[in-house]
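Two complexes are shown next, each including subunit A; its partner changes from subunit B in the first to subunit C in the second.
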Partner chain A sequence: MIVCPACNHRNPSDALVCEACGGSLEHFVYRACPSCGALNPAENVFCHRCFDDLVPGSAETIVEASDIPVESFVPSEPSVTDREEAVREAAAPPVGERPTSDLILEADAEVATTAEVVSEETEPGPLAEPQQLVGEPIERLEAAPSEPEAPMQPSELIPEAEEDVLEGLEGLVPIAAAATQAHAFALPVPPSVSETEQHDAELFHSIASERGPLRDAARVVIPRRARLLSRRGRALLYLLVLLAALTPVFTGDRTSLLLRPRDSVTSLARDIQSLPTGSAVLISFDYGPAYAGEVDPLALAVGRHLAASQVRVVAMSTDPGGVGLAEHLYRTIAGEMPDYRYGESYAILGYLPGPEAGLRTLCTSLGKAFKVDYVQRRTLSELPVMKDLTSVQDFDQVIVFADDSRSVRSWIEQVQSQCNFSLHALVTAAIEPMLLPYQQSGQLSTLIAAAHSAGEYEKASGMEEPSLHWTDAYGAFCLVLLVTAIATNVAYLRTRARQRSHGQ
Partner chain B sequence: MLETPANLLATLPPNTLQIAGTWVAALLTLATLSYVFGGNPAFRLAEHLLVGIAAGYAAALAWNQMLWPRLQLLVAEPATYWYYGVFFVLGLLLLCRGSKSVSVLGNLPLGVLFGTGAALALGGGLTGTFIPQIRASVLSVNPADYGEGSLGWAYVIDPIIVVAGTIAALTAFHFGARTDGRLRALWRGLVRAVGGVGRGLITICFGALFASAALSFFAILNSRLVFLLRDWLKLLYTGRP
Partner chain C sequence: MKKILPMAAAILCGLFVLTDFFVPHPSIGAVAAVLVEGATILAAFALFLGVVNLLSVHGRRVAREARGRGLGVVLIASLLATLAIGVALPGSAALNWVFDYVYYPLQATMAALLAFFVVSAAYRAFRVRTAQAAIMLVSSLLVIATQLPFGQAISPYLPIARDWILTVPVTAGMRGIVLGTALGTMATALRILLTVDRPYV
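Up next, the complex of A and B:
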């Protein structure tokens, strides 16, 4: 059985981690103090109880944690008789002498209690008082009043000591006693103290005797704040969101029939519709698989509209995951339209790294940015769809699908500000507010949040068979958000009012 | 021996790989959604797979799309594409950052990277964001510029809000109010009042950003549920995907 040094929990012998507190029990080595026998971590330099140096030569006292039986784990304590003798020796020094100034901290309340009993039994010496203090600060003991004494001689401190060892050290602290006297577990004899000091000492003792972790790291206890929502409240919220997402299963997505496209969506559809046959549009799929669920429906709707309008499409991406998404999307469209062939109607150039430098090369030459295409690995000049397309300025429109506002900003700062073309940004709902200033300044021709715009675009572009886009789900979710926001704010205000009334 | 797996795949039904892919995607989706019950091994597995596959795919794409074609050109026509060699060497020097003894060699390519990026970002930021946005915030607040009568007043509210809101939001970040002078109290009060309005507007903007983000995440959740119900369990049929 292994006893955890942090919490004293008794763990099985093969345990590597404490079952109670989770602390590691691997390779935990104790070092026994040669003076008091207390067990210290191997890395300690001095004993945590008696502050005596842990002599390097005490390697024979190193004990593995797994070898320590439970019964012997409790740090050894001096017996009562040993303490009695030690107290008597310390309590009865010769006249004019100071008691030893060693301060020994007891880690156990029982010792203090015993010491108190012992102190009552001893005969009070010239400096000793009946009250036994444990953990008394050193400065108090050192400041204890003592009778004026004559300069002490080493021989007076230790009657049996040799006289010529420390001769001439009159008036100094009794180094001889510390240097020559064998270390004894002696309790200091304090001077008289008041009740307040007694109380402080007991409080200090109780704090010092608490068994804390013997590790270097200090544990900071942070009070736990009350959660805004209890576990049940959060589960209820999750359930409501799930039901909102599944609303169209029950309602049949009737709201989509009532969709009226917004002006921005209608404007984009009109711009694409007005492109003459054979025009070229550059589409950048700057979003990853994480946001594909939100952007893909709108990208598919726009792609179908471009394909139906017989517009050449050149796709690329500044996001590594966007290239695969573009390939999947156009494979879907090509499967619906047999005449929509790769290399003739559309091409995927691939991934362009470097948000600033990579995009800047599009202004000068597409061939510098892309050596070969992504699917067939042919040079751009070999693809019929790339005829007369050498730089971004040769395209009629540029559409960017993005999930990061920095991507769209890079397009605006590095490409659109240099080449001045029509840029449309179809982005996730999360970043749409951050790009509104660019739309209001006229740098973006169109800014659309993709979350619920696919159905609107299909309606605006005159799609005969629109896909199901779960518009009812967005409406239900907005309702859940509204109810939750109102309920939590009302609860918060009521709680604050109640706290104020209690405080008054 | 290598023919056996190919022969085995050929004997499978034509949509086997697609079905297997759907099942893998569905199980990983469920593993990710299991986070509502707290951290668990399934979620951690999905999380580690996502990070690892994304990093591996990006590395493969960078090699396949960027490095390998240029390396081929350098080897085929070194006289024409000699500068690719310079950048390849710089890229190799960047790998020295992994070793303490030679990490100082990586300072040169890092300097080129940071210097080029900073220069392009600064120039693009000035011409693409700073100057156009300042120009766009200079709006007329004269109703006559927007139409006659009440129509002009109706349309001028928007520019007034934009101009006043921009000034108020900038004032909210003004922490250097003057502490001396005869107009000290007036200046402090003005900064505090206008800054308070600016902070309120900023708070409203943060609320709008949060709501937009919540809608975006809900759209993604919605798409995953549709995938599970329609493509995996085949419980729903909605026509075209």
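Up next, the complex of A and C:
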């Protein structure tokens, strides 16, 4: 298990990216504490939970020598000592080119205030209060009295640089002269230790650092690298997808000959066929352009069938993108059938906001839900196609095209439960399983996963239209998926067999 | 008073709409219809607020010359242009052009990329590492095979297998989820009606 450092999500041990936030986990290595099992970053010496030592012997080293390098704990954060050294190194080349006093005079108040920042990180000496240095000019810092115990004179610590000494250095506090000045004061002399105190300290140390008899050294947990698909393999897969998309160009309409309409598709086609001339159907385009490739062919096939049957169609949408799709689709149908006119044969009411509440309004009045239609901006009563249609109950059938199961559920729960009409859901294949319970309970008269159903519908309704071509690409893509799933397992099993043979 | 009034309004509105479900009385239905219509207007107004917020966020980003301000400029310009065309010329050829040649292709392209991800993911995920993975693989292969337009031509048993998978294990699982969701919704509704939860205050 790898705990994501960004979001704390617990990922499988072979994860390369976090399942929750998508952050990279490739470079994280953990040490499992032998005492409590907590996972610690690899650079930790002590367990963050129980403070047990993760590296054998580290406790003794630290207690006895007290000189564990800071890099061992916080590699990314340079200590103040590191900064001093780095500043000295950076300032080294210009030494001698300019006198120190020039540098001091050029230093401004901003430079001096950096003393505040850095002095907070350092422990102030008894004779030097960092607060006294805040905002003070550099000259005063230089003139500050230094203790005899101070290892270095302030003038030695002031960087003698012609240019900005920070240029090109990362992670450093700007112009560390003031900081080093504050840091340079001597630390207090430790009080003398009596023999008894020394004995007590040694006893405490031996008890605190004693290792348990059953404790082993920490185990380093390295996330197992999942075998990624090589670039060539990925390119091959993508090429196969591309070929699948282009299949209709090469194959024509051959696979449609093999199509056999499913019972649900035949049932819908029969329902629409049985509608008398002049009856009305409400169609809701509750899907966006993202899924238009899947749903549009079926919507086009159903729309053509309704138009051929001279059934009045009223379209609407609970998805803002659905209105444009409806307009696009009916423009196509109207272009194919000159007698199919807007306002007389069909109308598009527009987008209905407020998913549940908006749909509830349809039970009482269409006019309240839609003041005017989408295309001609006329009140609904002015449209001939809306004659005798005041609420959703006046329609003979209601068809919902959807890419979201919540939309269909809203139709069932908010509208059909109140108005009791025949509801057909023509949806994307992804949400079909989510709506199966409603079909089995009888609330949905028809549930069809769009995908290649357009071809089936056209066969069931006795129409021959170009949407049949879509089935070739769809079938080819399914084949690519099948081949991929089989190929990955063949490769995986062969690798396992090879590893076993090497192990034996 | 600041809390009591919103709570009373929420309880009354909720009870009226709920009662309308169970008591088909015209007077209750009329009041519930007004309330539901109000909710629709509020939802439309929420859209307006969303647009204002979007403009405000990206406007600030552009004004501060923050990172990604170029995208903010594109977003604001596109939003205002589409809004202007949609309000001034609803259902016009210009609006159809924006939909057909900008919005539709962009959305379709984004969705089409999913095909590549699905195949790549199938290569990495469909490995028979455990018994559960084997069950998932066999089920997936069956369902994919039955999705083939000519699946029935391959074997008449493929659709039967698919129907069994969808109507027995899948529907059982989905029914459990639907029932759980319904119970959760009821509990939430009761908590709001009893003012245990007051998200509107």
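Operating definition for what follows: the second predicted complex is superposed on the first by the 255 of 504 C-alpha atoms of A that agree within 3 Å, B and C clash if a C-alpha of one lies under 4 Å from a C-alpha of the other, contacts with A are read in each partner's own complex, and residues count from 1 in each chain.
Everything that follows uses one rule, which is that contacts are C-beta pairs under 8 Å (C-beta built on N, C-alpha and C of every residue); 3 or more make two chains touch, one makes a residue touch a chain.
This is a predicted model, so every value here is computed, not measured.
Of the two partner chains, both subunit B and subunit C are touched by A:F477. By the document's definition of touching, of the two partners only subunit C reaches A:A487; subunit B does not.
Legend: residue contacts after superposition of the two complexes on their common chain; A:N11 is shown touching neither subunit B nor subunit C. Once chain A of one complex is fitted onto chain A of the other, the partner contacts of A:Q376 are limited to subunit C, with no touch recorded for subunit B.
In the superposition on chain A, A:S410 makes contact with subunit B only, not with subunit C.
When the two structures are aligned on the shared chain, A:T428 is found in touch with subunit B, with no touch to subunit C. Within the superposed three-chain model, A:L237 lies in touch with subunit C and out of touch with subunit B [touch as defined at top].
Once chain A of one complex is fitted onto chain A of the other, the partner contacts of A:G442 are limited to subunit B, with no touch recorded for subunit C.
In the superposition on chain A, A:V249 contacts subunit B only, with no contact to subunit C.
The contact surfaces that subunit B and subunit C form on subunit A in the two complexes overlap at residues 238, 241, 245, 288, 290-293, 321, 324, 353, 357, 360, 374, 417-418, 429, 432-434, 437, 440, 451-452, 474, 477-478, 481. Every residue of subunit A that touches subunit B in the complex is listed here, in rising order: 238, 241-242, 244-246, 249, 288, 290-294, 296-297, 300, 320-321, 323-324, 332, 336, 350-351, 353, 356-357, 360, 371-372, 374, 409-410, 412-414, 416-418, 428-434, 437, 440-443, 449-452, 465, 467-468, 470, 473-474, 477-478, 481.
Interface of subunit C with subunit A (complex): residues 21, 29, 33, 36-37, 39-40, 42-44, 47, 90-91, 96, 99-100, 103-104, 106-108, 110-112, 115-116, 118-120, 122-124, 126-129, 137, 140-141, 144-145, 147-150, 152-153, 159, 166-167, 170-171, 174-175, 177-178. In the complex of the two chains, the subunit A residues touching subunit C come out as 226, 228-229, 233-234, 237-238, 240-241, 245, 255-256, 258-260, 262, 288-293, 321, 324-325, 327-328, 331, 348, 352-355, 357-358, 360-361, 364-365, 368-369, 374-377, 417-418, 429, 432-434, 436-437, 440, 451-452, 455, 471-472, 474-475, 477-482, 484-489, 492-493.
On the subunit B side of its complex with subunit A, the touching residues are 36, 54, 57-58, 61-62, 65-66, 69-70, 73, 116-117, 120-121, 124-125, 127-129, 132-133, 135-136, 162, 205, 208-209, 211-227, 229, 236, 238-241.
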